[in-house]
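Paired with chain B in one complex and with chain C in the other, chain A is shared by the two complexes that follow.
Now for the complex of A and B:
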């Protein structure tokens, strides 16, 4: 996107709390923003490196749990006579630690699972997410298991001149999510347009060829996994401090599926695709809520996924882009007008 | 030691049905190169069909078992014809996304139809277990193991000894040459998927009465089937059989000796370990069907 329309969009998004006073609508938008961040991070792996990671929710959950635990504090019996007591730390420390720990998980998983490709890779990532979920469920001393971590403190910022600011209300949380959203977008944009981004695409398109011209495949895949996991961890941290409760259900496989649907619908391997997908599938449930029960909604999403793959395999953003190009270039040859439609 | 024998027996009962799941998935995986995310839904479909026929229609338990398998075969053939045939030759990721979509739609249709409440299936076997020396096992479990072993043997016969099985193996080895030799590849794909789906429905129909039936029961089953496929090697029939039995026993042992909370983690730890040390599976010389 060129500079001025982008700035206009940011201004528009920033102005929303000024004219949307309905707290419930803001809540929907905050959730949408959190999912947009997660979907963008998944797109880095799925869209740019072409690796379908179906364990992505693990990074989201690890970020949420880490951030919550560090800001709540915990004690852990390491040996019969030794108890590690971890004092509560400020929320921003927790949030940053969540990002770091999720990134570390990304590194380990990347190192392990990029030994295999295709279907095997998919299954390793799914297995990993399930193991993490079972640990969260069973390591009750640390995670409280199914009793969940409650009363997670909201984000608190010490601003010079304004004193301490605690994000209890919807509006500040909206701006927080918006800022993290824009930062994630900027990081990913920067990355995919760098040498590393070209390497990602090269090995998505033809891995042996990329390797033969000197692209260190594993290194770049692991790099993508770390950054992707860290951003997903940031989304998880935002979620934990906004919803204020985290339980093992955060690792449900269905959330990964939601992210995949968002990325595929919007357009994988495009910068805006996951955002568009997140907006559609963040708001659609609220629109459908009046007319359809959740089960019916999910059946509809399942059908949408099948229809998208059949009729719009590149997703909405590339299709819209080529439609727009065909429309504005009516003077040119009409041959490519149907391309991507 | 007594406890060990008990865990071993329970593990084999579980493992027999796991093997059915694994065989179905490994054939679909091997012959069609499709990661079948609807496999778990066929499993819960089988269980719900038995429940529906026994509870709502007051049908005979054994007839219900047979009908559940037959309906699984029909449903599988329908999925293959409507979703997978148009996508033949598409990348594995594309078909995977379609199968994920189908899986979500099917699971929620079940949720809508039967609600999320877990249901128990009534079966005609006596409650009192059979006691052999130190171990005791309920009659329904013996029945489940026997039927599972029978189905495994039948599948083995089909793949090894019949013309159809030969055509399936030929398709796996070299699709183009098989087509040149007069094998109808479209038909082989439909039959493979229907057959694998029937086995998954059978596994659900068998384990449904042992445990309880609920809409998301297929999720873990599908993931376990993936574990078995990886353990045995893709497209490897014997590997899937042994892999299923091993997974059942490992789960029971893990639940008995380590922690019952981590029972379901065993399969995933196996996947991760196998892929790290022997990515082609435990029982393979080369990837093959049969």
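Now for the complex of A and C:
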């Protein structure tokens, strides 16, 4: 996207809380934004390196749990006579730790899948997510298990001159999610348009050829996994401090599936695809809720998904791009003339 | 050994696939700056030899030396780091992305930008990107594909895909280029064009090892020909010597000449 339309879009997104007063709508938009970040992070692996991480929600959950635990504090009985007491830390410390810990898990997964591709990569990631979920469920001392972590503090920001600002309301949370969204987008954009991003795509397109010209494919897969996991962890941290409760259900497989659907329908391997997918599948269920009963809703939801995958197999963004290209190509001369005048 | 020194030395390489001996005690050398060809009937072990040299296969016995270093045991990407780059027998390009991007991936080794430098968008990253893009254009012009830069790799006609393979390999900056049947499936005029490109590559001081069935190509561009049959070397010499060698004629050329005639 060129500079001016991009800026216009950002201005539009930033203006939403000024004219959308309905708190419920803002809530839907915040959720959509969190999912958009998660979908973008998944796209880095699925769309660019071509490796499907079907346990992606694990990174999201690890980010959420880490951030929540560090801002709540915890005690751990490490030995019969020794209890580790971890004092609560400021939320931003928790948030950054969540990103770092999720990134470390990404590194481990990248390393584990050293020579593992395709279906085997899927199995490794699915198993990883299940293991993390079981840990969250059973390590009650740390995670409270099914009782969940409650009363997670919201994000607070120390503003010079204004004192402390605590993000209780929807509006500041909306802006926070928007900023993290834009940052994630910028990070991914820089990365995929560089030498590193080309190495990701080389792995997706033709691994032996990539190796034969000197691309250390595994190293770049690990890099993609780390950054992808870290961004998913950031989304998880935002979720934890916005919803203020985290339980093991955060690791439900369905969330990964939703992310995959967002990436695939929006257009995998494109920068905007996961965002478009997240907007559609984040807002659509809420729109349908008002006009249809839940059962009917799911049918419509599924039907739209099938239609998109069937008619636009590459996803919405690539289809729109080629449609736009064809349109400007046929209407080229007249369009140019109008612009000139 | 006369004149230029051997840069690539394959020494006593043996490869087995289960009970099948694909290569037995294979030894040959390639000299600095020459075009050497490895020929032999189908199944003789030519591609296997390529796979061993470039790290895609680990031999059961023997070793491969390139200049001062042993390549045996290195993964393919590190073999490329040594300046040894190959193409594949079966056409192999990055099909889903534009031709220009194909060559940019080939230039991977020529870039140095680290991930954190990329994330901070340091000026050196931008400068490097500009330099790589210029180099990519230069390489595309070199093989004559500059006009195709926007098209997807998979959308090119077959002959041009083979040129693109060479462009990608050349982008990796080889000092030894291994070409695996580069003109198979090309028509005679495409082959003639390709032979000119091989001459140009050699003119840049790049040593070439060629595997090819097209005898006009082999005899036209090679300084030296090594003949492989059933995993063993049966003859070695200049194209003229090879064409006269009775064992070669029996194993290979007799049939090849007949095929070429009809």
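Keep this in mind: the second predicted complex is superposed on the first by the 309 of 341 C-alpha atoms of A that agree within 3 Å, B and C clash if a C-alpha of one lies under 4 Å from a C-alpha of the other, contacts with A are read in each partner's own complex, and residues count from 1 in each chain.
Keep in mind that, in the parts below, a contact is a pair of C-beta atoms (placed from the backbone, for glycine too) under 8 Å apart; a residue touches a chain by one contact, two chains touch by 3 or more.
Keep in mind that this is a model prediction, so the values were computed, not measured.
**Student:** Once chain A of both complexes is superposed, is A:209 in touch with chain B (first), chain C (second), both, or neither?
**Tutor:** Only chain C; A:209 stays clear of chain B.
**Student:** Thinking of the overlay built on chain A, is A:191 touched by chain B (first), by chain C (second), by both, or by neither?
**Tutor:** Only chain C is touched by A:191; chain B is not.
**Student:** Determine, under the contact definition given at the top, whether A:217 touches first (chain B), second (chain C), both, or neither.
**Tutor:** second
**Student:** Touch test for A:201: chain B only (first), chain C only (second), both, or neither?
**Tutor:** So A:201 only meets chain C here.
**Student:** When the two structures are overlaid on chain A, which partner does A:321 contact: first (chain B), second (chain C), both, or neither?
**Tutor:** neither
**Student:** One more residue to check, A:118. First (chain B), second (chain C), both or neither?
**Tutor:** A:118 contacts chain B only, not chain C.
**Student:** Report for A:280: first if it touches chain B alone, second if chain C alone, otherwise both or neither.
**Tutor:** Once the two structures are laid over each other on A, A:280 reaches no partner at all.
**Student:** Intersection of chain A residues contacting chain B with those contacting chain C?
**Tutor:** none
**Student:** Any idea which chain A residues touch chain C in the complex?
**Tutor:** Residue list for chain A touching chain C: 187, 190-191, 194-196, 198-199, 201-202, 204-206, 208-217, 223.
**Student:** Can you tell me which positions in chain C touch chain A when the two form their complex?
**Tutor:** 54, 56, 75-77, 80-81, 85-88, 92-97, 101, 104-106, 108-109, 111, 113, 115, 118-119, 121, 125, 128-129, 132, 168-169, 171-172
**Student:** Can you list the chain B residues touching chain A in their complex?
**Tutor:** Touch list, chain B to chain A: 29, 35, 83, 86-87, 92-94, 96-98, 100-109, 111-112, 219, 223, 226-227, 230, 234, 259, 261-262, 264-265, 267-269, 271-272, 275-276, 279.
**Student:** What part of chain A is in contact with chain B in the complex they form?
**Tutor:** Residue positions touching the partner: 50, 52, 112-113, 115-116, 118-120, 122-124, 126-128, 130-131, 134-135, 137-138, 253-254, 257, 260, 264, 293-296, 298-299, 301-306, 309-310, 313.
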